[in-house]
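Okay, so subunit A shows up in both of these, paired with subunit B first and subunit C after.
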Partner chain A sequence: MHKQSLACDVLVIGGGPAGIAAACCAAESAQRAILLDDNPALGGQIWRGKANSQATRWIDRARQAGVQIVGGAQVFAVSAREDRRTVLAQTETPEGLCTVQCERAILATGARERFLPFPGWTLRGVTGAGGLQALVKGGWPIAGKRVVVAGSGPLLPAVAAFLKTHGADVQLVAEQAPWSRLVNFGMGLALRPAVAMQALSLFPQLVGVPYHAGCHVTATHGARGALTAVTVRQGERTWQVDCDYLACGFNLVPNLELPVLLGCAVQDGFAAVNEWQESSQPGVYCAGELTGIGGLERSLIEGQIAGYAAAGEKGRQRARALFAQRRDLYTYAARLNHAFALGDALKTLASADTIVCRCEDARRAQLDEIAPGSWRAAKLHTRCGMGACQGRVCGPSLSFLYGWPIEATVSARPPLFPVRLETLAATGQQEPNQHETTGEKR
Partner chain B sequence: MAELITLTVNGVAVRVLEGTTVAAAVAIAGQPFTRRSATGEPRAPLCGMGICFECRVRINGRADARSCQTLCRPGMEVRTDA
Partner chain C sequence: MAESVYDVAIIGAGIVGAACADEAAAAGLRVAVIERGPIGGGATAAGMGHIVCMDDSEAQFALTHYSRTLWTQLAPQLPADVEYTACGTLWVAADDEEMAEVLRKAAYYSARDVQTTVLDAGQLAQAEPNLRTGLPGALLVHDDAVIYPPCAARFLLERAQARGATLCIGEVAAIDAGATLVASVALTNGRTIAAATVVNATGAWAPELTPGLQVRRRKGHLVITDRYPGFVRHQLVELGYLKSAHRVSADSVAFNIQPRTTGQVLIGSSRQFGDEGTGVNEAILNRMLARASEYMPGLAGLSALRIWTGFRAATPDKLALIGPCPGRERLYLATGHEGLGITTSLGTAKLLVDQLTGRKPAIPFEPYLPGRVTAKEAAHG
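Our next item is the complex of A and B:
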């Protein structure tokens, strides 16, 4: 069994924009920095696939700064050592176990899409919105396929434009938020030229694609396990659209497993941080979508602040210089979240026999029996959240359906992901210095 | 230019561009599903980013690999469970 043990001053977990920026700034401030990412390539979801110039610039900068990059590393456990001054992360790489011990940790694990259950959402062809984009970036054949893009968020038109340029026949974009809110948000965009330009640049690519606001999918139709059509509703009007794919996501939710496992406080559904991006756990920083959904610019700024701040006094002066930019981006994020808040109509889409937990095939009726219930009750009575994904999909959807706080649905217990037995076994072969602090446990 | 890679999906050879994920290769091979659910429903990828585990397949004999997070390699043997 291959086993690798690394040590550094600053460990960054998550190789999206926030994580890359954090690792750069820490390394440029004379810290030994390691950047761990679970994907085959750096860049996170937004920079997945084809290299763009901004991504290349940041990744080159990290390499030049001497950041040690470990790709394909799935962190399955993270713990503060007894001395409370170091953090140990355990990861599984294609080669085996890789552990990293660090003085300070920066968590930049990003966000995932929120899925909501509706009849037929387990059919082949129903994917996330960003999900279908990610699949296509990985070579999934989409040319000539009919696609409906639905759900909520600024991601939807971007995904529709992306799919169209890859040859998909995009039938419709169905945004659940009503026009009134979107117009208000649009006015706010005008105050942020960079974002407005980005939105405008999508229009030529979206010519011929109807964009419906206040509109959502109510049902799907399929044959032999695969999607053939969807029913959409806008106000009192419902109609059917034939399609091969439904790319459907309802905003984003943070990947809170690591911060919760380390005991970081969560507030309003996000990791709580101070002005230095430091969490309630000293020495543990959070940056990017973990602390709030605000897009690329905000992630880059937060990452830089965290990276500098984790480097000590000197770095903090450079971090402080970025505070004004961050404040500006928070205003944008607040407007965004207000504009795309999910409507109550979406709570009634799943019928009694609709599957809500795709790992365990638990159905809506089983959850309704224990309503309003709790995440714990759902697990005990329905096996919801007990499967391979550990509630990463059904947790956020049930949080919305039944009003549970999102952090209450986070399963933060190692192993955070399924790992091979030989990897787990290798964690038991402790190194000598660990025995000094922990003593003989068994 | 990206190179072409040959691998097998359920014993049938398929050629894909370097950088293609195993999930995409399964679709290119014409296999609609990746796994069967706890109650026997056929399933296909959902999240595309390693979260949902719907895309898991057997790769080179190793079960439960997330095909959307795994890049194709020459000679890889992929088996779906549906």
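Our next item is the complex of A and C:
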């Protein structure tokens, strides 16, 4: 089978804003830089599928700086070599195994939506908020469909506005955080004009869409496996809203698989880094939503700092110049995370027979029965988290429901993604660049 | 402070400890089970869950056959999550020499009332269409089965608890099982559990609690795929497995794959001494997958979901240790099952409780007595 091996000074994993910025800055600081992404095109979740002048500028800058971009490469294993001075990443590309050896690694794997289970969430028509947005970007017809957007976070009004401009009939945005917190956050927004403008610019599209705070979906109603309505609750009041789609997301959780596999420390649910964005593992840097949720600007700044810092002393001087900007963005991010913290009421949504792991059809009652409870015991006895998504969906939701640390629910062992057996078999072969002798007798 | 005195305190709630607890409780003994982690979280979780009749030696045959019969009897009571499936084992021959072994094995089993069928090349291809062409045949052992071991361990433990056994969660600091009237187990959380007899059923970790035991960790790797229902229909094992598994020193791999009820394919196997890390060894993984693909070329294109490793508790003569620990009269052992702990857990539990209660055993227990293997440093504490 085809096998490719590459080497560089700085390897950046993740081609979203943080990763692109990191690769640019490393390459501009005279480092041989490789940028890997699992998608064929760069951009990450936020820049996906739309012509965006900011994205184009950054991607052009990376090309000009000489960054070697490898798209369609799914990193399924990463390890520190015995000398602790090099890191080896193993990826599967459409052509086969591709390994990259580097002196320093910058992880910028971003975040994903957290989904919480509630009765009926497996009905057809219930999707992730960002998930539905991605479907529509890909051409899914939404015009004239009734949509409820629910969950938590600044993504919800953005998704609602996006769907509305694509012709959806958005019935309601249900934000679980109470008004009191949102108002405090809003006051903070006034201190950040750029962000406030961004939020305000959504409002024209949202005219006529009720935005309810302190409100969440408690149940869904369906016919023949498809969603027809949801029940929402706000304080003591509950009512039913007819809809074709429920787009749900309960904030974002970082994709911690790579940092945990490399032994990077995790603190409060995010990869812990020092002022240079360097993790507890020397030579391994983390940038963007791995280290905290705070939006595009924050990811770009962190990526630049990581890229410069990974380039050595000279780069570090340029990195230092960005510290003040990062500090401001951290204040914003902290307010944001406080405002949208998940309320305990959400822990009671799933009933005994609600499916909590969709890959393996594990139900809440099965998990409640396990004593002593832990992610590992839950996996062993209910198979939750053992399916193709490797716990990426149910891990964060069970972490919230049962109070397990998020890093304890991270499946941090290779393969991090399903990988063809022939690719896996190729990892142990002795000499990477040698063609396998055919007909070798064992 | 010591709590009430149990008849037997079993350390380890893997499938062997759970089965022993269930059997002891059924016999009317007052039982405590001590476990530090999830139920069935050690080799029980790492193993394949193959219920198999083996014929390496008469003693191995006796225990595996007896145990398999016990599994067949238990099967109707097992909950669905144990996934008991009597898919049978196909011992696959790669050449004429191995086909001769098929016939020898068939004769051996027939003489001992084990139902088998010899398949020729055509029948084998029909039974398992994804095997490579040109294989001369195989031996089908009908009543071998597959289970999901963690849930089996949990079923046995919960049945033991329903019969009065107590589960204590905690890590053992020390066992005191000398010539005193009562043995005791001290936990790191400060608890002490007193019992007439203590049973070390901690698998490959047994020597940590009982220094000097001739039990070594033999590492294995397994890979599980996404769901491909019908891709494999029987537990498939190469006959060369006998050659490789017998080798006590060198690292070895064998074609050994299993259909799960989920439609997933479980791919083994590897055996290594001296690698104490839990990480994946890429070189041996490569050999293992290459071996599997030689027999089943279509595997190469399947999607692998997970890889894991585990440690078998290996003894020098490849037989389990079931019975009193020499020099420590209140300590019994139920370990050293190597790759057969899932199969022989039920037989082990019977033989252990036979010895504890003086019951008449269904098969002789002498071949498995720990005293046959001289402990290097007996009589600690």
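In this text, the second predicted complex is superposed on the first by the 429 of 442 C-alpha atoms of A that agree within 3 Å, B and C clash if a C-alpha of one lies under 4 Å from a C-alpha of the other, contacts with A are read in each partner's own complex, and residues count from 1 in each chain.
The rule we apply is simple: contacts are C-beta pairs under 8 Å (C-beta built on N, C-alpha and C of every residue); 3 or more make two chains touch, one makes a residue touch a chain.
Only a predicted model underlies this, so the values are computations on that prediction, with no experimental measurement involved.
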Which superposed partner A:G428 touches (first subunit B, second subunit C, both, neither): second
Partner chain(s) touched by A:S374 [first = subunit B, second = subunit C, both, neither]: second
Partner chain in contact with A:V126 - subunit B first, subunit C second, else both or neither: first
Partner chain(s) touched by A:A388 [first = subunit B, second = subunit C, both, neither]: both
Per-residue touch tally on subunit A - higher for subunit B or for subunit C: B
Contacts of A:P418 with subunit B and subunit C, given as first, second, both or neither: both
First, second, both or neither for A:W404, with subunit B first and subunit C second: neither
Touching partner for A:F118 - first (subunit B), second (subunit C), both, neither: neither
Doubly contacted subunit A residues - partners subunit C and subunit B: 360, 387-388, 418
Complex contacts: residues of subunit C adjacent to subunit A: 37-41, 45, 81, 150-151, 154, 169, 223, 225-226, 262, 267, 280-287, 289-294, 299-308
Contact footprint of subunit B on subunit A as seen in their complex: 38-40, 45, 48, 112-113, 115, 122, 124-128, 130-135, 138-141, 225-226, 355, 358-361, 387-389, 392-393, 418
Parts of subunit B lying in touch with subunit A, wherever the complex brings them together: 16-17, 19-21, 23-25, 27-28, 32-33, 37-39, 41-54, 56, 64, 68-71
Residues of subunit A touching subunit C in the complex: 1, 360, 372, 374, 376-377, 380-381, 386-388, 390, 411, 413-415, 418-422, 424-430, 442
